[in-house]
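Right after this note come the structures.
Note that chain A is present in both complexes that follow, paired respectively with chain B and with chain C.
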Partner chain A sequence: MGHRITTRTRASSIAGIIAVALIAVGLILPAFASRSLIQDLFFILTMLTLAQLWNLIAGFGGMVSVGQQAFVGIGAYAMFAGVILWGWDPVPAILLGGVAAFLLAIPMAFFAFRLAGAYFAIGTWVIAEVTRLVVAQWKTLGGGTGTSLPREATADIIGVETIARLFGLRDAAARDVLAYWLALALAVATLATIYALLRSRTGLALAAVRDNDNAARSVGVDAARVKWLVFLAAATMTGLVGALIYVQTARISPDAAFSVTNWTAYVIFIAVIGGIGRLEGPILGVLVFWGLQTAFADYGSWYLLALGLLAIATMLFAPRGLWGLIHDRTGIALFPVQRRLIGAKDG
Partner chain B sequence: MTVLELTNVSKSFGALQVTDDVSFSVPRGQALGIIGPNGAGKSTLFNLITGNILPDAGAITLLGRDVTRSPAMDRVRMGVGRSFQIPQPFEGLTSFENLLAAAAYGQNKREAEVADQCVAILRDTELLPKANQLAGTLSLLDRKRLELARAMATGPELLLLDEIAGGLTEGECQALVATIKGLHGRGVTIIWIEHVLHALNSVVERLLVLDFGRVIGIGEPETIMASREVREIYLGMDV
Partner chain C sequence: MIWLDVLVQGILLGGLYALFAAGLSLVFGIMRLVNLAHGDLIVFAAFLILVVVQTFGFNPFLSALIAAPAMFAFGWALQRFVLNRVLGKDILPPLLVTFGLSVALQNGMLEVFSADSQRLAAGPLESASIDLGPVTVGTMPLLTFASAVLVIFALNRIFYTTALGRAFRAVSDDPTTASLMGINPKSVFAIATGLAMVIVTIAALYLGMRSNFDPSIGPARLLYAFQAVIIGGLGSLWGTLAGGAIIGVAQTVGAQLNPEWQILAGHIAFLVVLLLRPRGLFPRAVD
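Let's turn to the complex of A and B:
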């Protein structure tokens, strides 16, 4: 019929090439980079992944959760349980984090999906708090004060020895390299999965449900199914990230692992500043956040207050974030999902 | 073959009875018009047929199957397409994507399988020049066009249209009538709620009059239009 449908743009083709190059550089970076740079990048990559996942459920799915710390926390604790109780290697134990978060997400979705708008947000937060209180009763994993990964477990994590020999590093630094590679893999996998999802038929359904639930059902979209799918998938991935973060820190406590500030407030800040509902948003947002964190984190509560004000100002004056501003000026989309119809003739 | 049958359907919102013991059936391929004053319960009747709301009493049968309690989604897949009186576009999607979503899910097919149909519907409804425009930025007129287009995209056997001709110029109205006649000619069963009576009567074979939630007349358009009740309701209107 002379027309075609495409999502691709010139910018997205260039972005694809740059992405591949960046991933390649990221992979070989530990050969030259300092340990502190690797640690910074670990922080950036894990926060980026958490922000992408929050953006998926809130920005693309319209489900504004403030209970993501539940999945980070339960994922981290499940990994600890695997290591301490069952003697697993910490790296494969990360998978337990994904499973645990998935299992927690089922009752959480069951309750929270009955709530609308602000009540949904509050519901997710309440469930996260309850989970924290329950986990704090788990005496073998340190109860309310927490515990550390046993030295034997951290000493012979698979791959660490090889990395140490390869780069001539001490074990602690080699562990950071391994954690960094895993963080890179998770970040890339998350971005690729979300991008593929948004470009699939399910992506259309997700947008339809977010924009108008009632109309979505009236064109045959199973709104509940789409929400469940996205919520469970995001929770599982969040659990994996949580477990990975605590493989790297090797020390856990309920207050830290279920911290609403670290795992939800910062994450929302990143998405809001960068731009909600766009894959580019969290990428830009995490860089801004990391810059602010590096420069001002020592100011404690004043810093938190400033972050909050900055987020509110963004929501008021640039509701689609920094990437929204850039997109409006230039029309650039690095990860376009819009199906554009080209060359269809009228009449 | 009966496409739709309502038997003693009633619905109240609190103390307000909006649908009062309504029974009628629509044979396959018929075009039925529904008229009645504002607040008569016309749109509510559509919501009951599509499953957007559930009746308090009575039964609704679709293509021989009792769907009184089935979810809206199932009824779409069975072939019920509907437009909303107040347009409800997916604002963050383009016009084309609105149709893609409706066609892919309404017909349960892959996007690639329905893309050509969507282009043809955009062309029919004069939305093709705005195919790549976000639905949230469309004018009211185009949003109404999109309502019709999206309903068509679900691949309906029964198409429910709720006041889509209001505010059109004479030329636009004629184009709309031609589009609906085209669907009718292809055997689609149509129920059309419309205040623009000359447009409605140039398409439908049968008219139903609703007042205070009750069916006060159903039959040939000429007979219905000539009846006293209708002339009272539409006195001074464009009959």
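Let's turn to the complex of A and C:
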């Protein structure tokens, strides 16, 4: 009698097919979508990626970081440095963002991992502040007031001309299409990587460390190594996203690039409202967030006040978020990571 | 001589940071809760004092005396109806609730009080100074430092000589066993947070009299408070005062070298201590 262990369910197989279809639609979308839809989708995809990455370290890894803006900011600034100081094309310069975020994550992890439990959160915040203050001293990149990408650099980004000819768009709109495609690629790659990671041995180790550090170590999990690995990987990806966002924005300042509200508070709300510790959570969360943003962003601080209260209410009454509620009622998991034992007869 | 002056000013500034930190340390020590809205609550208390000053025309000290019970009630209710529900083994829910509270408070204050800088007018006290031989110190910074010492002394007395303090220590060590002895941990937590909000009001009083404040400055106060706690060593209230002084001295020295480096120098001092003494200078608690 053989047995096998699987994480696959019927819902997940269907979800997989739908996901492939959605990616295909996403790829050809610029052929007929309006420019504003492409811009909205860019926003949704980048926020989704940031939320998935935060969810990975906090929801799956138990490391509640309030310093993700450090990686967005340093990634964006590294890209700017590549373009302005070394004359790189903005698109390959995005890779510099990943490298810079990785390099920053090493000291950040070194310091923050020394802080027990909940103080980890404020520790990451301190490092993000230090990074912001140091970057604000970087006079060639505009110091505290910031700077813009030079017109020559944005004018001839690789591929923009081809896209412009292909879809008959103007250069500015073609740049949005390019940024959108890159955002789509990053979002899919991030989701796929996280899903693969969670289904691997490392993912199991990560869940064990989150649930009980000591117990995990007693069965031979190298807790420190798993945490470092996940933290560095998430930071690197966050840096790439940050650089991409600022390729599209083309204007940077320390306060915007290192904004706690934009790159950490929103991201946390997306994950909390959608459901922490589930891959489906941020997907649902980002759609809700985008809906709220479109409908109420004009209300400024009232909107943020309501968003804060909504996050508190979610934690009080539905701590596993909207997707948690759906899962409890229906048992559906689109991206299951739970291992199940299947007997050979019916398997 | 200028460096002696810088040193003294820095230590006195540390008194303010110790006041920021005492409430945070109290709450963490008793229920292992890190309140990410701590800084915003300080700013909120400062606005509350300002409202009393403007409504009744009292001076800031008397106004703070009126604001303190209100803040106690607010802290008690916050703990009783919100935070107690999310406290548990998992550190994620309380962190996220207080983070949500931080964002909500900041933006609520922005709507009600606008982004304008405010100040609590303290009259001639603002510019008064005392000549101490080699250095001249402002009366206000000295008063702040003295209040910090007094608050920490009082907290230590409460902790080690009263029935309430015994309950605090009992639920901190083991809430389950404490509840077997007739203590209700949830009520004790609510009183502790209320008490922390009274300290927050005192901190807000000096914050408002010494410098301008607006709804956006809360998170930075949280970071200073947190750094003072970690430098001092978890669980040590007097250590918190030393931690505050170290941040204060680093900031005044940094500002003396280059005004743009003031805040950065404080953060770097914190990182250096974390590097050399990860458990702080005077560690007590084993967590």
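In this text, the second predicted complex is superposed on the first by the 342 of 347 C-alpha atoms of A that agree within 3 Å, B and C clash if a C-alpha of one lies under 4 Å from a C-alpha of the other, contacts with A are read in each partner's own complex, and residues count from 1 in each chain.
Here is the rule we go by: a contact is a pair of C-beta atoms (placed from the backbone, for glycine too) under 8 Å apart; a residue touches a chain by one contact, two chains touch by 3 or more.
Values in this document were obtained by computation on a predicted structure and should not be read as measured data.
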item	value
Clash-or-fit label for the pair chain B, chain C on chain A	fit
First (chain B), second (chain C), both or neither touched by A:L304	second
Touched partner set for A:L27, first chain B, second chain C, both or neither	neither
Contacts of A:L325 with chain B and chain C, given as first, second, both or neither	neither
First (chain B), second (chain C), both or neither touched by A:V219	first
First, second, both or neither for A:L292, with chain B first and chain C second	neither
Partner chain(s) touched by A:Y119 [first = chain B, second = chain C, both, neither]	second
Dominant contact partner of chain A by residue count, chain C or chain B	C
Overlay on shared chain A, then closest C-alpha pair between chain B and chain C (Å)	11
Chain C-contacting residues of chain A that also contact chain B	none
Chain B residues within the chain A interface of the complex	50, 52, 71-73, 76-77, 82, 84, 88-94, 96-97, 100-102, 104-108, 110-111, 115-116, 119, 122-123, 128-129, 131-132, 150, 153-154
Chain A residues within the chain C interface of the complex	58-59, 62, 64, 66, 111, 114-119, 121-123, 125-127, 129-130, 133-134, 137, 260-261, 265, 268-269, 272, 276, 301-302, 304-305, 307-312, 315-316, 319
Chain A - residues contacting chain B, complex	1, 3, 5, 201, 204-205, 207-208, 210-212, 214-223, 277, 338-341, 344, 346-347
For the chain C and chain A complex, residues of the former touching the latter	28, 32-34, 36, 82, 85-86, 91-97, 99-108, 110-111, 219-220, 222-223, 226-227, 230, 234, 260, 263-264, 267-268, 270-271, 274-275, 278, 287
